[in-house]
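Both complexes shown next keep chain A, but they swap its partner, so chain B is in the first and chain C is in the second.
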Partner chain A sequence: MSAFPPWSWVPCPKQPWGASASHDVEGYLSLENIILSCYAQEEHDEISCPQKEETSCSEKEELIDIATLVQSNCSKVPYYDLHIIYSASYRVPVLFFRAYYSDGEPLGFNAIEKDLPAHSAKALLDSKWTFITQEEHPYLNRPWFKLHPCGTSEWMKLLFHVDVSVAKNGVTIELYLLSWLSVVGQVVGLRIPLEMLNQP
Partner chain B sequence: MAADSPSSVRKVVVHLRATGDAPILKQAKFKIPGTDKFAKVIDFLCRQLHRETLFVYVNSAFSPNPDELVIDLYNNFGFDGKLVVNYACSMAWG
Partner chain C sequence: MMEARKYVWEGAIPLQIHLHESEVTTLPPPLPALILAPRIGYLPLLVPHIKPHFSSTLPPGIDTVWFDYKGLPLKWYIPTGILFDLLCAEPERPWNLTVHFRGYPGNILIPCEGEDSVKWSFINSLKEAAYIINGNCKSVMNMSQPDQVELWRSVINAGNLEAYIRVSSKLKLGTVGDEYAADLYSSSLNSRQSIGDTDSTGQVKTGRVPIRLYVWSVNEDFDDLEDAPQIDSWDKISYINRPVEIHGEEGKCFTLLDAVKSLLPEYFPYKSLNNEESSREEDKDEEKVPSENLSEHVESCYSSDDAEVKLVRIQGIEPKLEIPFSWVVNNLVNPEHFLHLCVCLKLPQVKIPSDT
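Right after this comes the complex of A and B.
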């Protein structure tokens, strides 16, 4: 399981024309510079194998250039920035994301679609609950991709409908986000450790 | 009596449950090797229901990643000797 750093909260100054109360905080959750899990695994394999060969080949005077091996794969690996931003109009969290190569070149929609886990790419094309659009980031004023929120409340209702304890006690924001992220994360290959959901 | 299978090929009982307006399967209970990935359950459901995509989730308000092992899901979310897997139609366009 890939070990991502924890999400961080990025507070943003409130828009002066906003009608929110003075104690409200605005901002978004951020996870940046991550590699999708399929790539992280490939990189790990590439690094471990040459080392093994090097020790066994040392007597044969063969040198394996490890640096070249890793670098040529690194330049093709896209990095992702993920932001979770609350949508006041849809009243659900929304995943914003963008992808870029290590030299900073951004990935367009077609390149991202090819890079996403195969099963989610298929689901994106077929489902009206999860599809990608491009839109200006609410705080950063640059075009980002987002997973459109129009289906979110429907599938969140389904997720919680079968959970009896939720029907009785409601749900905390943390649990809501975990459930939400279990669905949305699949689009970008994020895996939630199963143990996180078993806390009482 | 045959000897117990080694735990590595232990089978998990999966109970498939329709939610929302999804069609109900005639046969809803299956045994699947614990070492299989959840993707197999999803693919099976899609084939049975003749759908490209389904919304699939377990009872703890969680939608498992298709790469998760069925035995791990059973250990975390199983109850009463089985793993309940809910499915709903994800309403394709049109």
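Right after this comes the complex of A and C.
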């Protein structure tokens, strides 16, 4: 059966020399070593309730359970590491990811493009809102792939425009992230089960 | 006031570039190439000038060019002047770099395919700056093709500040204006649009300024920069890409030191005053310190020792920390509209509180 890979929060002290207590912890959400939907045999999707942690600081600090994917038997299956990092410039979350085979060999951009769901590959080429670039990870000093944040706040506004209660009450961080992930996840083939979105 | 910008624009660093020994196939080995690199430029743009010097000695194969300084692979998307300010505490002239044409460290450096990659990275940063200042990237994305070409040409032919200003002023990325910088302005600059909200006197109240902060730290004091520890890994540098929010206050100048402290709140938890005339207000300001976050532990740790800003280097100069930040932004900013600050912090001596 399937296991649940929950997202975990990785705190990053800004200072590599090990700073004393920060009032404002920076970090990122991490989901690593997963196989994306195109390869998975999804006979049973187990769905769990999202866990809501208190968010004491403004950074996005919580665990989200998502439907997990059963491992396939294919040997050349790419594994993905996904990080969600907040961009202070664009004031939106940004998805960073990298892919590698089980032997650790990394996938280049062309291989990833082939691996992505067909519809999102086309969306990549057509859309000015979501496109993938290779940039340095803000904390890890290594090249990662990044889903460009330029249009995020535009389409997030569109997403919430239709919901009257949102217009009145604003949106919780959890709902924002789930909605954001429902769009962004499509690019990399990550699916959010419907039940999660119906949580109050 | 154009003068300061001109100096920055025309600043250059003499480089002495050595071919990595593993790529030398002839005897005697080639002499190093000497080249003057614009501060606001990027190392990959120098390759067409460097390569002819070494091409006869290179092993067969396809070029994948990268540079290192004392073994540290250099991030090609950081402007040359910033790399120099950051990695050479004591400026080394000429700056000795090693060039490689093979064996690109793709696990450490993002790929670079020559001028196109650099241009893409530059435009991307410009979009980010536009987003920070204006809340959207429209002005950059709507640039006409000829304007884009002219903007890029003016950057890589670093002498051409006039052309750059002509094109970039259409982007409405403005200048930061406050009463402290106003005296230093020439009338031509006053007509440009200001960042952020202004009140009726034209004084900027709020605004976001694009900043890239590179911080390295030391534990002990040093008198000579020569004694500063060598940076041998990018993990020793904290890179902070976060805008500074300028909150204009009546009668108070927002200084460079204020800006640096606002970017490093965990090292400067108390709002400290650095103008002498404000010391009278210290008593009033003590009440402003948020009490909900203070525990006795924190208080005793930070009681008199904030971290000390030992060095702030911008475009190769070390301004007095009391300088109005708006002047710094308007004159020392890079062509992609980011202000790059290289900061050395001396860490506080943390006092371990005794249990009572």
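The criterion applied here is as follows: the second predicted complex is superposed on the first by the 155 of 200 C-alpha atoms of A that agree within 3 Å, B and C clash if a C-alpha of one lies under 4 Å from a C-alpha of the other, contacts with A are read in each partner's own complex, and residues count from 1 in each chain.
Note that in this section a residue touches a chain if its C-beta (ideal position, glycine included) is under 8 Å from a C-beta of that chain, and two chains touch if they have at least 3 such contacts.
Fair warning: this is a prediction, and the values are worked out from it, not measured in the lab.
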Original post:
Does chain A have more residues touched by chain B or by chain C?
Top reply: B
Subject >> Touched partner set for A:88, first chain B, second chain C, both or neither >> reply: second
**OP:** Check the residue A:143 against both partner chains and state whether it touches chain B (first), chain C (second), both, or neither.
**Re:** second
**OP:** Classify the contacts of A:182 with the two partner chains as first (chain B alone), second (chain C alone), both, or neither.
**Re:** first
**OP:** Pick one for A:114: touches chain B only (first), chain C only (second), both, or neither.
**Re:** neither
Original post:
Between chain B (first) and chain C (second), which does A:134 come into contact with in this model arrangement: first, second, both, or neither?
Top reply: second
**OP:** Jot down the residues of chain A that show up as touching in both complexes, chain B in one and chain C in the other.
**Re:** 128
**OP:** Under the touch definition given earlier, write down the residues of chain A that touch chain B in their complex.
**Re:** 119, 122-123, 126-130, 151, 155, 158-163, 166, 171, 175, 178-179, 182-183, 185-186, 191-192, 194-195, 197-198
Subject >> chain A residues within the chain C interface of the complex >> reply: 14-17, 19-24, 88-90, 106, 128, 133-136, 138, 141-143, 150
Subject >> chain A contact footprint on chain B (complex, rising order) >> reply: 17, 19-20, 39, 42, 52-53, 55, 57, 59-68, 72-73, 76-77, 86, 88, 90-93
Subject >> chain A partner contacts - residues on chain C that touch it in the complex >> reply: 75, 106-111, 124, 127-128, 131-132, 137, 141, 210, 215, 217, 234-243, 264-267, 269, 293, 298, 301, 347, 350
